[in-house]
Structures are given as structure tokens and as C-alpha cells.
Amino acid sequence: MTHPPLLPFQTVYGAPQPLDWLCLAPHPDDAEIGAGGTLIRLAQAGRAVGILELSRGERGTQGTPQIRVQECARAAVLMGLSWRGNLGLKDGELADTPAGAHALAAALRAVRPRVLVVPHHRDRHPDHFGTYHLARRAVHLAQLRRADLDGEPHRISRTLLYQGNADIQPGLLVDVGGVQAQWEAAVRAHASQFTGEAVSETVTPEIIERRRARQSYWGTLARVRYAEAFEAEDALLVDPLAL
Amino acid sequence: MTHPPLLPFQTVYGAPQPLDWLCLAPHPDDAEIGAGGTLIRLAQAGRAVGILELSRGERGTQGTPQIRVQECARAAVLMGLSWRGNLGLKDGELADTPAGAHALAAALRAVRPRVLVVPHHRDRHPDHFGTYHLARRAVHLAQLRRADLDGEPHRISRTLLYQGNADIQPGLLVDVGGVQAQWEAAVRAHASQFTGEAVSETVTPEIIERRRARQSYWGTLARVRYAEAFEAEDALLVDPLAL
Amino acid sequence: MTHPPLLPFQTVYGAPQPLDWLCLAPHPDDAEIGAGGTLIRLAQAGRAVGILELSRGERGTQGTPQIRVQECARAAVLMGLSWRGNLGLKDGELADTPAGAHALAAALRAVRPRVLVVPHHRDRHPDHFGTYHLARRAVHLAQLRRADLDGEPHRISRTLLYQGNADIQPGLLVDVGGVQAQWEAAVRAHASQFTGEAVSETVTPEIIERRRARQSYWGTLARVRYAEAFEAEDALLVDPLAL
Amino acid sequence: MTHPPLLPFQTVYGAPQPLDWLCLAPHPDDAEIGAGGTLIRLAQAGRAVGILELSRGERGTQGTPQIRVQECARAAVLMGLSWRGNLGLKDGELADTPAGAHALAAALRAVRPRVLVVPHHRDRHPDHFGTYHLARRAVHLAQLRRADLDGEPHRISRTLLYQGNADIQPGLLVDVGGVQAQWEAAVRAHASQFTGEAVSETVTPEIIERRRARQSYWGTLARVRYAEAFEAEDALLVDPLAL
Amino acid sequence: MTHPPLLPFQTVYGAPQPLDWLCLAPHPDDAEIGAGGTLIRLAQAGRAVGILELSRGERGTQGTPQIRVQECARAAVLMGLSWRGNLGLKDGELADTPAGAHALAAALRAVRPRVLVVPHHRDRHPDHFGTYHLARRAVHLAQLRRADLDGEPHRISRTLLYQGNADIQPGLLVDVGGVQAQWEAAVRAHASQFTGEAVSETVTPEIIERRRARQSYWGTLARVRYAEAFEAEDALLVDPLAL
Amino acid sequence: MTHPPLLPFQTVYGAPQPLDWLCLAPHPDDAEIGAGGTLIRLAQAGRAVGILELSRGERGTQGTPQIRVQECARAAVLMGLSWRGNLGLKDGELADTPAGAHALAAALRAVRPRVLVVPHHRDRHPDHFGTYHLARRAVHLAQLRRADLDGEPHRISRTLLYQGNADIQPGLLVDVGGVQAQWEAAVRAHASQFTGEAVSETVTPEIIERRRARQSYWGTLARVRYAEAFEAEDALLVDPLAL
């Protein structure tokens, strides 16, 4: 009698399934803050959207892994996600390592996203640029037939970078004016981080005001009210009719 | 009795009309070589597409303005353009001047493109980067209600840059594999330039082979057979469902 | 009997005098929007601060030159400026020309600023980057003993660039959290532009909300509430004790 | 009785010897595809040229390490190489690690190249940029007298980067028009990769057509028929008489 | 009975204490060569200034760890440092590793610098850019309340990069013309490196002449006689009155 | 009876002749300061080398056009130039204008250089970047058969940029250690500029010391004693045997 392979991740919400978009988050809440509005728009349009946290955020000042998992699940509902998981890597030490890359590659094979959204390499936080570098190697491994990995090889079609804590020069902007309420609710679902004392620039009750101002900044450049900023990892194949 | 304002340009093909896309070409044939496949795809999809030459190419070694106008008209048919015009500025001296900017701005008001495609500022040829700089000022003038210009103010929605003679690092690629025959025919319509002696890197019978190799280079990067390369002038507002 | 040389500019407020900082504005209100908080802080600290508009904004949709001069004078009072002038160049055509450079160089000799603040060359608006390029030549001419100019040669110590309508990657941020009320009042003094219909991204009643969000964006990066963004033209000689 | 130190690499062709140029390849065939024409030209001119593969390509879909070694040897003959070796690091995990750096540094001491050619850091493939980063550390170690390494310290004179799978902006181009036949033969020697099914952008029977188009792209920029693209790691000391 | 935590570093001079500036040096003498003049100026002004070497330079050709510690102590006196320490990591292998990052983070908590000065990531020497990357992670860990670290969390206010062996494009210059004699003495205190045979570009009796020429180069750009070059890691919050 | 066309330039030394290298200088002495050592090396090797000043430097504080022409002629002898000329454009107003471009293009046709050396566009001085932009257009015009110009069309093979007053990031370095005495003599031949009062960063008796320190800075990077820095305008076609 055979048994299914051990999954390299914990499911926090929904069930592992083929996804259209998957957003990688170093810690719980990073995806909501940086790309939440875009993910909500996609889910509203019926796309299968997921988030995979790489760590449980256990070194964060506020909250515990148990509490944060519950917050993640609640936010998943509010965002309309199809799946949310956690890879269980070590908070504070996210980097391009063979073990991490194999774990992430196995997860990518399991949920098979078409579009992968990763933190921008230009960021202050080592876990953020560490996730970027880890993802580049995992994307490669996931498509190798001879990798030491369970699951069918899978090729990501497109990789996008989202903004973390640092200034970037984005090539792509997404209008998130129509989903402000849902976005705010999804961020606020991480109550352990955004109520109580301000312990850092990101762990603060001001987070909505701060990040909404950022969305306004990008929105002004795109002549909409609020926008999220992305960069394409490679030159983007586009349909000219959509320009 | 009033009469219509003098048009700042000569019509080479079709009739001035509101356009979806307009490509600015320093000389006859530049648009075909750099962005022809994309323009053909748009026209095939029913979009109103135009080309405006800024000069008549009168300083080119081959051909005469009369011959080149006829070639332009023939290429317009082959590409399915809605309109093609010529601004009559001086070949070899295209630059950001008040007179040139006003002439171009008036033309923009007349044909009112949504998307404007201009030569990349990173180019060897002074007329190419001169056209880029001239266009930036004309785009601004065209939208000013108090500009000394005929016509209704008009705002361009989106400006794209196409590749000329120099290497660029494009952010956007367009698949032109399906229109290779039409593209080649449109370029070859400029027979005065591409038959007979090779007088420069661009005025040569090898032009198709050379530029097709370029399309292959960009295509390989985008995992298609042939692609044309563009850059967006500003961060691009995109629909995430189209990514 | 000799008479004083004709001044190359009109005084809008105060009297021409040696200035510590001078901000060049393509049109009335540009300085307030982009660098107003910083200028107010300097004036509050007793520095002699001035603004020189290069044009009267006569091609703007709203207001008239007469109205805008009055608005400029009122804003000057609110900001605590020592002087405000207007160079009277042609709106929409600001660029690096010999005549413009000589006029601006003569003005620089007249008010002799130590620090010059100019629009960033990375901007959508041709008058903005045109002012940048014009200023570079004028700064050079102003220091030449044999320039065809009245006045004593003058050398600018430091040139800073301020943000206009486009995204920049600033090297320097200035905390403007303490002068929000004054900054808002100074911008609103340009009532012809910021009341009534929104005619563009900058000429809109939303201007305060939009630009305050921008100040919040920069402020977050600097761990203050609101900041304005600048770039130094050259490597900045700094006192390490001030870092 | 003493014995010679264990060599840190396997010799695939020829004998370890002082080399003029050494090209580092993450996997068998990378050197041929990216820099093969240039290496052939050097060998034809009598220079001692070598290739060192860092891995045996054991995770590639096609071929086996045994087959690929034979292909490497055959290509070495076709290219006129003096030596070809394999470092035996783990395919898919090439990165800057102490063990890898010491192994590579020992190899550099053994074959003592004057010019080292490495993959460009701007590449999609983690093994490619991993090789670049690994090489930077190994180059340093190889010259340290007190490194824990056998062999005499050796200093590389010049490091060049060659193009892998991504677009680069090369500073240097080498005319490879005269060695097209040899280059094609050397690439085709890797028959396990380039016959049969296309499994990726690089493992495909189209490889010659694709990479020749790339050579045509660079060649057009340099006014020759075909060229390979390189970048110098540092500012290049040049003889002005050779410019 | 409790005992104080084991310090993660050796003290070479002075006593661990809260510092205003701390300069990280991959090896003994790197700080003097790249940032010595600036550190001397700060110490002369009464600031508490320290240097932390990450390795003992045991792989350098000249000197021994014992001799180099004595040279470090002597240079510390000459520079007026408050403290100098050594982290004891492995020379030649400095990189972003979990163990190294925890050791460095613990040291940062112990001496609690306000300003941290690190090697520039653009450098030929792997230990130099390795130190930069290691420091980025350590700066993050040092501020985490839940890091596995002794000591109180500490946040660095400002990170500056100093020049090592490669060309950089500095944003900040510091006048070091007034401390040339002290700077030269501090560098020469590392006698094992700078007397006797020239073994590399940096380990040479010419070091003063070479680096003084560099200071002259930067000084010329800033209109002073000699300057050291720095870059700010993030946009710099500045007091406009100090500009 | 026909007469030869009016030359668009004045000859200062030697006779107009086909040149191997031509260096464009905005003012007398710019070529010596920025590229003098390289030009001397070429002349010593028997190459026909020339300098063309674009202006007579009539707005400089020191010297007169008459004196400076004599200094130019003397420096030409010391450098071993084959020809030196002056285009007579207006000092302080060098820029990309049609008249200037035609004058320069005619000069290029007259002396037909293979390699053209122009000021870097990244420079503080408007005449320096103005010369760069003017040269780009003139290079184009010179090769057009139908340009309104006397002389046979001529195509420049290679354009290099030399350093002026600003920091650059050069790709190419030339060893000038062997011609220090000749270089110093050639610079000092411009006695009106470099004796007497220091009136600017470049017009100062310290010029030799300052620029030699710069040569030392570049030399250190290239492991030679003194070097001059250049950048290639386009990717450089190189002979791999010369690397």
C-alpha cells in the first residue's frame, strides 16, 4: 500500500489546488500589505489565488504562530483566496539555501501557479530579499524533471515582484481603488500586528494610513486614485490589444 | 466665409481620423522596421492605426521624396493602416524646437491617438532621439487648452518607445510570429531603400534578415518565435487579469 | 548720468537681495507643491529664501497672469519668503536656449543664492526638465567673468533637484511634518488652480490630498510622518557630525 | 614518499596545463553556446584555451553524465581546446559556498588562466549566476598565499562575462563570422541536448537557429555579420593602438 | 549565581560601550584605509567611535593575527577610538550566514552604534561584499525582540557604505584635509602590511600615496583638497539648515 | 574658375589631413587635460592625431584667444600632433544646433578621423555636454551623401568619451605612466590658464597635481601607476587576441 508524499507545507486555509496566481510572503501579512488589493481583484474575478507564507513569523514582536495562523485564515476568507499555506522555514533566516529551495519547489509543484508574485529584491528586510533569491532557485528546480522532488515538473509562466518596505521604481501599476474596503479588512485581520503598540515601521496601527498613502502615490502616477506597484522579473510578453 | 485651418501635415494615405495607435517615424520606413509587426496585428484586429513621418527622408542616399511617398502609401495598404501622413520637417535636423513641437502637437490634435509610439531615446541616429524629445513636448502642448494651436485639446493615454538602431532593454515584447509575411512585404514596399547597393546598416537588402534575427532574439526571451521590443514611457497601468 | 541696468526679471514680492536658497519654478505654484515645506522650514529658521518663476503660467487652463502674480505674492507672505520674482519666459517653451540662459544667469547674479533648487530632469512636463537644463547652463554663465552679463560673477555652492510630476529615486529627504498647515495654506493661495474643476493631475482640488500622500510615502521611508524628496546634483560634501 | 595532491577536478580532454583563456561553464554545453565562437578563434590563433564545467549536468532532462562527458570531449576536439575538465559540483545547486570556492580555486591554480570567462550574473538560471558568484570568491582565494589550498598562488589578469539565457547590455563584441561552421559543429556535438524533443528554451533542436540569430543581433550592432557578446568585470586596461 | 553572557567578540582596545559610529572592517586596516579620516574627525569632535574587525586577517600574506591585533590597538590610539573589537570570523569566507549574522547582531547590541559604516557591496574582494551582506542581516536581527540573542534589541539609525578596492559613485563626501597626518599615521600603524614587499594592490608601501590620490580625486569633485567617499544605504533624512 | 571650398575651421597647427584619432575639445586645453596622455602615446607610435577646439575659449577668465592659439600650437608640438584646428563656435553656448552640427560635420569630412574622442555627456560644464550632443549629430551628418556639406561623406568608426570635470564610470583605461613628462609639458603649455591666480577648479596652478591624482586613481584600478579613463559610445568590437 502506498501513501501520498508528505506535503512540504502546512495548509492554513482551503485546499492545495492548481492556482492561477500565487503570492510568496516571507511572513504572515506581507502579501496583504504589498499586493493585497491586486490579489482581491483577481479572486473577485474568479481566479484561483493563493498565498504561501515562508515562515510563521515567530520572531515578530507581536503575536504567536498560533494566533497568526488564525489571522491568516481569516484574511484568506476576506480576500477570497482559494488556498493559503505555510512553508515553516525559519523566520529571520530566509535565504537561498538548498533545503529551502527544494521545499519551496515542491510546494510550487503542488499548487502549480501560472503567475508567481515574490518580494522585490530591493528591500531593507533580509527575509524579503532572501525570499526573492530563494524563489529564483525554486522556480528553476520546480521545472527540472530530474530534481529530487515529488510531483510533476511545473514551469511558472510569469514572475512579478511586489513592493515591501523600500522604494522601488515599478514598471507596472494595478488599480486597487475599487477594493479598498476589502483590502483594509484583510490587513486588519492581522490584529496581533496592527493593534496595540507601534513596534516598527510596519508593525503599527498606522499601517493602513501609511500604505494607503503609498497606494495614492502610485495611483497619482497612473491617474487613478489608488494603485499597487509591481515589477516584472523579465520583459513582459503583452497583447497589444490590451495596451 | 470661414475656411478650415491649414493642416500641419500632408496625408499620404487614407484620411485623417481619430486613431487608436499612432506611430511616429523620423523617416519613411522607420515605423515598419521597428514596430511594423505590432501595427499590423492591431490593424488586423480592427483598430484604427496610423503612421506619421516627421520628415520626407530627403537626405537619405536612396530614393526621392516622391518615390518614398508612393512606397509609404503602398506599405500603408499592406499594413492595413487607416491613415498615414508626413509632417514635412527637415531630414537630419529633427529636434525639440518650438516650431516642430507646435506642428506635431497640431497633428496629434487632428488624429487624436490613444496610444503614441515613438522612437527610443537611446539610439545612434540624431533624428531618432530628436523625434523622441520633440514628441515629449508636443504631447504636452497638444493637451493645453491655451496653446497656440488649432483643434481641440487632446491627451495621449499612453506612450510607448520602439527600437531603432541601438540596443535597448525592453520591458515589453509583442509576438509578431503570425504576421511575418505581411511585415516583410511592408518593409519591402520601401524598395528604394532595400534593393540595390547596401549604403548603411539600415539601407541594405539584408534588412529583412537582420531585423528578423532581432525579432528572433527578443522572441527567444519571451518564448515565442519572433517578437518586437517596446518600452513604456511611464509605469504601465495594467489589468491584472491580462497578465 | 548712469542708470542701473535693466533687471531681467519682475519682482512679485519683497526686494531682490542676496539669498541663501533660491527655488526655480517653471510656473507659479510648482515650488510650493514640490519643495514648499522645506522652503518654509528654512524661512522659519531665518534664512533668506526666494522663488523665481520662469514663466507666468500663461498657457495654464486656469487663472490669468495677473491673478497668478497676486496668488504668488500671497503665498510668499505665507511662506515667509524674502523675495519672489518672475523671469517672464514663454510658458510651454522652457528649454536650454542662449537667451533664456543669459536671462536666468543675470537673475542668479542679482539674488546670488548659495543653494539653488531646480526641477528634476526626470519629469513628464517639458517645462520642468527644460528648466533643469536651462538652469545648468545659467549656473555656468553666472560665474564667468567674461559673460555678456551685468552684475558680479556668482558661483552657486550647491544644486538640489526637487520632485515634480514623476517618480524619482531621491537621495535626500526633508521632514516637513511640522509645517503642514503653512504648506497647505501656501499651496491653497494659488486658488485659481486648486478650486473649481479638475483639469489635470496637478490642477485639481485634490492637490493637497495627493501631494500629502506623497509626503507620507517619503516620510514612511525616513521614519517621519511627512517628508519632501530631493536629489543632489553632485556628490554632497557633508559634515559627518551632522549625519 | 610523497604523492601528488589529489586534483579537485576530472580531466575530460587533454591535460591540465597553463592556459591563456579558461571558460567556466555551469553545465556541459554552456560554454559552446555562449562563448564558443570566441574560444575557437583563440584556439585557431594558437592560444591555450580550456573549459571547466562546474557540474556534470546530471539534473538535465536529456543525456547522462557519461554521455555528456563524451560529447564534451568531442566538442573539445572540434574547438581546438587544450584542456577540458569537470569540477563535479552538484547540478542545480551551484552557489557561492566555501567548499565550492576552494575546489574552484584549486582548479584555477592548476590551470592558471590569464583570462577567465564566467557566466553573466544577470541570468535566469540559478546555476549561471551561482557560478558567477562562486567564481568571484574563487578568484580571490586562488591568489592568497595562505589559503588552505594546494598549488602555487595564481592571480587572474582579466575576468570577462559571457551571455547565458538573459538579455545583457554588453560592452564588448567579438566577431565570430569566420568560425560559424566550427561553432555549429561544436554545439551539435552535444547531441543528447539538441536532437530529439525540445524540452526547454535551451534544450531544443532550434538552438543553432536561435543562438545564431542572437549572434546576428550583436553583429548588426558592431557592423559585422555575427558576434558574441561579453562584458568586462572591471574597467578594461586597453592598448589605444588596438582601438 | 548568574554570570554575564559570553561576548561574541574580542576587545582589542578600550571597552565595549555605547558608540555613536561603528565601522565594520572585514580585516584589520580596512577601516583606516577607507574611512579613517572621517572616523578621526568624529573622534576629535568627541564622538564615541569604534571599529569592529570581522576577521583577524589570518589569510593575509603579511603579518600574523597576533601582530595585527597590536597594530590595531596602536592605530586605535592614534585615531582616538573609544573601542575596537574583533569578531573572529574566518578570513576569506565572510558571507551572509546565520552564525555570522547572529554573532554580528550580538556585537551590535553590545556597542549599540547610532551610525553603522560598512564596506560597499560593489567591491572586488569577496570578504568586502560578504561583510556588506552579512551586516544587512545582522542589522535586522539586532532589532528583533525575539531573536536568539543576548542583550537589548537595538536599532541602527543610519547605515553608510565606504569605499574598498573598487570604483564607486558616491553620494556623500567628507573633507579629510585637516586630518591627513593622523590618517597617515593610523594607516602606517599597520606596519606588517605596508612595509616590505608589495604583495597586492592594497598590501604595498605605496598605500598612502595611492589612497591619498584617491582622496584628492574625491576632494577635487567637492572643491576641497582631500575627501573620503561614502554612500547612504537609504535616502538620507537631512536637516535643510545643514545643506 | 573654381576655388576650393571655404574651410569651416581655422588651422592652429600643422595641415588638415586624414587623421587616425581626432579629439574634440570645447575649449583650448580640455583635450590635454582629459585625454592628453593617450593622444601622446598614439602620436609617439606614429599615428596621425589631431585636436579640434570648438571655441576659442574667449569667455575664460584668463588669457585671450590670441594667446590661447599660441599655447595650442606649442602644445601641439609637444604632443606630436599632426594637426590642430579651431571651429570658432561661441564659447559658453556650445550645444546641438543645426549650424554648429554642419560646421563640425564639414570639419570631420576634411580631416576624416577613424576614431573620434569627445567629452563625456556626464559633466558639469554645459559646453562639455553640449559638445557631446553636437558631435553626435555631426557624426551622422558627415556620413550622409545628401547633406548640405562640402567634401566626401565620411563615417567615424569608433567614438570614445573622455573625462571632463565630473566623475564617470569608465569602461576603458589607458596606461599613461610612460608619458607623464610630455603630458605635464603639454598641459603647462597653456600657461595663461595654469599660472597665476586660481580662478576655478580647472583654471588653477594645481591642475597637474589634481589631474595626476586622478590618473593615479584610475591607474590603481587597472594595476598601473597612472591611467586615463574613457568610455566607448557603443559596444566595442574587440579582437580577442588583444584582451
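By written order: A, B, C, D, E and F. Residues from 1 in each chain.
We take it that contacts are C-beta pairs under 8 Å (C-beta built on N, C-alpha and C of every residue); 3 or more make two chains touch, one makes a residue touch a chain.
The UniProt protein names, listed by chain, are A, B, C, D, E, F = Bacillithiol biosynthesis deacetylase BshB1.
Computed from a predicted structure; not experimentally measured.
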Chain labels contacting subunit B and also subunit F: C, D
Shortest walk length in steps over touching chains, subunit C through to subunit D: 2
Equivalent-chain rotation between subunit E and subunit D, CA atoms, steps of 5 degrees: 120
Furthest chain, CA centroid comparison against subunit D: C
Interface residue identity across copies subunit B, subunit C - same or different by half: different
Identity of the chain that, by mean CA position, is farthest from subunit A: F
Distance from subunit E to subunit A - Cα centre to Cα centre, in angstrom: 37
Centre-of-Cα separation between subunit F and subunit D, whole angstrom: 40
Centroid distance [mean C-alpha coordinates] between subunit F and subunit A, Å: 54
Residues within subunit E bordering two or more other chains: 166-167, 169, 221, 223, 234-235
Chains grouped in pairs wherever the two touch, ordered by label: A-B, A-C, A-D, A-E, B-C, B-D, B-F, C-E, C-F, D-E, D-F, E-F
Touching residues on subunit F, where the partner in the complex is subunit D: 21, 38, 41-42, 45, 47, 115, 158, 160, 170-175, 218, 221-224, 227, 229, 232, 234-243
Subunit A - residues contacting subunit E, complex: 58-61, 92-93, 95, 124-127, 166-167, 199-200
Touching residues on subunit A, where the partner in the complex is subunit D: 96, 98, 101, 136-137, 140-141, 143-147, 234-235
Sites on subunit A touched by subunit C in the complex: 166-167, 169, 201, 209-210, 212-214, 216-217, 220-221, 223
